[in-house]
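Here subunit A shows up in two complexes: once beside subunit B, once beside subunit C.
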Partner chain A sequence: MPGANIIPLFVIIPLFTAFFISLIGRFIKSTYVDIVSGLSSFLLLIFSFWGLAILGRCPETALVYKIGGWLPPFGICMVLDGLSNFMLVTVNIIAFLVVIYSFNYMEKYTDKPKFYTLFFLMLTGMNGVIVTGDLFNLFVFLEIASISSYALVAFGTEAEELEASFKYAIMGSVASAFIFIGIAFLYGFTSTLNMADMARVLSAKPSNWAVPFVSVLFLMGFGLKSALVPFHAWLPDAHSSAPASISAMLSGVLIKTLGVYALARIFFNVIGASGTVLSVLMFLGALSMLVAVILALSQWDLKRLLAYHSISQIGYVVLGIGLGTPLGILGGLFHLFNHSIFKSLLFLNSGAIDYSARTRDLREMSGLRKKLPVTAGTNLIASMSIAGIPPLNGFFSKLIIILACVQKGHIGYALAAVIASVLTLASFMKVQKFAFLGPLKEKYQAIKEVPPAMKFAMVSLATICILGGLLLLPSFSFFLNNAVNVLSDGRDYALAVFGAVLK
Partner chain B sequence: MMNDPKIGMSLIVKTVTRLTVGLILLFGIYIVLHGHLSPGGGFAGGVIIALSFVHLMLAFGKDVALKKLSKNLASNLESIAALMFLSIALFGFFGGAFFSNIINKGVPFQLFSAGTIPLSNLAISLKVGVGLFAIFLALVILEESKRK
Partner chain C sequence: MTLYLLCLALFCVGLYGVLRKRNLVKIIIGLGIMEYAMNLFFILLAYRYHGRSPIEAQDQQILQMVDPLPQALVLTSIVIGLAVTALVISIAIRIYEKYGTFDITEIKRLRG
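This part shows the complex of A and B:
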């Protein structure tokens, strides 16, 4: 199966780029460092779309790559199915645009090669988590991504950033410990680490205390990684004090890859989502939605406000996936994609304001629309999108989630989603009013719009925001439907993987 | 510089270090080279190799250790080691499968056997050894800058 050969490239390319840049970065001009990283992330983007094409052509629902030529479940395998491919496309779109944005934005920090090294290590971790078919391998990649993100949060090395990074590192390590213990218990129970084989063994064994126990451990661990509400305390600090391009990566894709994707993959495809787990997920999702959006309303620090909204929007995603119906999962995954796009855009906007006006405080800025037209325009689109104004992409995904709630009879959750959406709108109207409308302050007379590379990244993301709703059209819907099918098939994941292995 | 009584620890420690540090380094190399035959391997051997440099730093002070292995060299070697490991895996990628062992495996239990595994062990030991040394160095430099 030659098509499967592209799967390890998602790990090889960023890993090579990371260490290559750290090796040669000291000797070459920073322009060349930009070119190397831009090329590498562009290659990853191409490959993720190519994966979509290969997966569409081949008759199986999954492609399996055997590392070292060893047959799974004895060797480690990498799996590319609809869900992995969906996540790969999401992650690599954001990564590519964030790299473009960083060309100019990261100039104000001293050590650009080190930034790219850590950035690509984080990307290695995320791509690895997505493509791996082995539970312990997932843990290793998760740690690679987490540890590089701890370092990236502290990249500015100011007191506030170090404190946030320390808090994040502690909470992240606690989460990793829970996940690790969960994996150890599952390994003890099933005697295998391959996810597909584990699903097969678990469905054959009679259920006992181990599975609910492990479910709780994973809920805590991945709940911490994805910052659901009782576990969210680290996120507002970490995401608001990182450099803006890193905040965009963290809020846009990291919490979704390490948190939501891993949670969904393990609960739906390996352990098998029971009614109890699903109702806990729905409850946590609805709680995150409401609590975080109320906390966000009173924030004056722009990035902190956005960080609270990340928690709230992750609540939507988890609520949708937790419904367990195909429509709910479709809504959840679609919202995951949309949220990656508009939340990255919002963080890049906040970085652009910081770049030009050197402030993050909403009370400080006023009337920036006159001086920063591109930032203001893209921010308006992203704000409307996150608040769910039609016809932008956020509207469709929220609508699907609310419809799915009603369809399953959870009127309360549907109502909660509507209320959270209205409060989101209120909070972003505040952003618009204080940041972009009103009279221009005297001290901002001299500021200029950001450089073209940053504009390009923001405008591209805004375009995806506008066109995102088209993904629901029949000709594009395979992108989402393939991902939904993987989750709603549940433990048939094992059949898909072994079918692809034996072929 | 090595015999300056003002820098580093007492004469007893320095003498013992001078006698043992070579043996520690040698033991680390032994563990790495026999990684595919006996317990241990790249990681464990790399840690022991790093410990020999840390030992030097503790006994004689930062400057003596840095003369043997400077900061820039350490960070370059670390990247090179990671790239070495990746390229060993890539040899397999172009010869069949990622990480596959394509070199002649030789006779079992011989020192030169097991294909790419001893090479991977070498790369890992370099990465781990230099990396641990760099972490220790970073902590020392941080402590010094705090004191100033």
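This part shows the complex of A and C:
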């Protein structure tokens, strides 16, 4: 299978870039560092779309790359199926645009090569989590991404950033400990670490106490990583303290890859989602949705407000996936994609305001629309999108989630989703009113719009926001439907992987 | 069984340290204890009574051997734990430079 040879490149390219930049970064001009990083992330974006094309052409539902030629139950394998490809496209779009944005934005920090090194290590971890087919390998990549994100949160080394990073590192390590123990239990129970093989063994064995116990451990671990409500305390600090381009990565894709993707992959494809687990997921999703949006209403720090909205929107994604019906999963995954687009855009906007006006406090800013037209325009699109105003992408995914709730008979959850959406709208109207409308303050007379690279990143994301709804059209729907099929097939994942291995 | 319970006790000691202690360094030590406990647990899972190390030699036959895979995995996990500890310690040192204290109840500029 020649097509499978591109799978390891998703790990190799960012890892090599990180190594290369850290090695030569201090000897060359920072423009060249920018060019190397931009090229590398562009290459990753092209490969992720190419993977989509390869997967569309081949008859199997999954492509498997065997590392070192060892057959799967013994060696580590990498799997590219509909869900992995969906996540790869999401992650690499955001990563590419954030790298472009960082060309100018990161200039106020002293050490750009170190930033790119950590950034690409984080990208290595995320791409690795997505493509791996081995449970322990997933843990290793998860830790690579987590450790580099702890360091990136503390990148500015100011007092608040260090404090947030310490909190995040401790919580993240506790989460990793729970995940590790869960993996140890599963290994003891099934004597295998390959996820497909584990699914096969688990469906052949009679059920006993081990599976629910492991489910609880994973729910705690990945719940902490994805900041569902009882485990959310670290997120507002960490995401609001990091540099804006990193906040965009953390809120946009990191919590989804390490949290929601890993959770869905393990629960649906490996352990097999039981009714109890699904109802716990739905409950946690609805709780996160409501609690976080209420907490967000009272925030005056722009980035902290956005961070609370991340928790709330993750609630929508988890609620959709937790419904377990194909329609619900479609809504959840579509909202995952949309949220990563508009939340990254909102964080990049907050970075642009910070870059020009040097403030993050909503009470300080006023009338910035006159001086920052591009930022204000893209922010308006993103705000309407997150609040679910009709022609934009956020509306369609929220509508699908609410319809799926009604279809399955959970009227209460549907109502909660509507209420959370209304409160989100209220909160973003506050942002618009205080930041962009109103009279321009005297001290902001001299500020200028951000440089072109930052504008390019924001305008591209806003374009995707406007066009995102088109993904539901029949000619593009394979992108989402392939991902939905992987999750709704459940343990047939094992058949797909072994079928691809034997080819 | 006793060994597993002791392992659980060690894990709980670590978790207590992380959750209840006020000193940053003690929290980090608690994290370390937790990591030891989970590594120990994984090694215990692989242990077989009267087992020996799984090394093939030409002239002897191995009847009982321990499972070698978790040993390899735990080596990886120890390295990850080392990286986390090093990073967290360096952050704690920088926090001490900024705040002049290791007490987490006094390190609270972030709120809301």
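Here, the second predicted complex is superposed on the first by the 503 of 503 C-alpha atoms of A that agree within 3 Å, B and C clash if a C-alpha of one lies under 4 Å from a C-alpha of the other, contacts with A are read in each partner's own complex, and residues count from 1 in each chain.
As a convention for this text, a contact is a pair of C-beta atoms (placed from the backbone, for glycine too) under 8 Å apart; a residue touches a chain by one contact, two chains touch by 3 or more.
In this text, all values refer to a predicted model and were calculated from it rather than measured experimentally.
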| item | value |
| --- | --- |
| Partner chain in contact with A:Ser22 - subunit B first, subunit C second, else both or neither | first |
| Which of subunit B and subunit C A:Gly412 touches, first, second, both or neither | neither |
| More subunit A residues in contact [subunit B versus subunit C] | C |
| Which of subunit B and subunit C A:Ile67 touches, first, second, both or neither | first |
| Which of subunit B and subunit C A:Ser241 touches, first, second, both or neither | second |
| Subunit B versus subunit C as contact partner of A:Pro373, first or second or both or neither | neither |
| Partner chain in contact with A:Pro230 - subunit B first, subunit C second, else both or neither | neither |
| Partner chain in contact with A:Tyr150 - subunit B first, subunit C second, else both or neither | second |
| Which of subunit B and subunit C A:Pro391 touches, first, second, both or neither | neither |
| Overlap of the subunit B and subunit C footprints on subunit A, listed as residue numbers | none |
| Subunit B residues touching subunit A - in the complex, by the definition given at the top | 72, 75-76, 78-80, 82-83, 86, 89-90, 92-93, 96-101 |
| Subunit A residues within the subunit B interface of the complex | 8, 12, 15-16, 18-20, 22-23, 26, 65-69 |
| Interfacial residue positions of subunit A with respect to subunit C in the complex | 136, 140, 143, 147, 150-151, 154, 157-160, 162-166, 169-170, 173-174, 176-177, 180-181, 184, 187-188, 193, 236-237, 241, 298-299, 301, 304 |
| Interfacial residue positions of subunit C with respect to subunit A in the complex | 15, 18, 24, 27, 31, 34-35, 38, 41-42, 45, 69-70, 73, 76-77, 80, 83-84, 87-88, 91-92, 94-95, 98-99, 107-110, 112 |
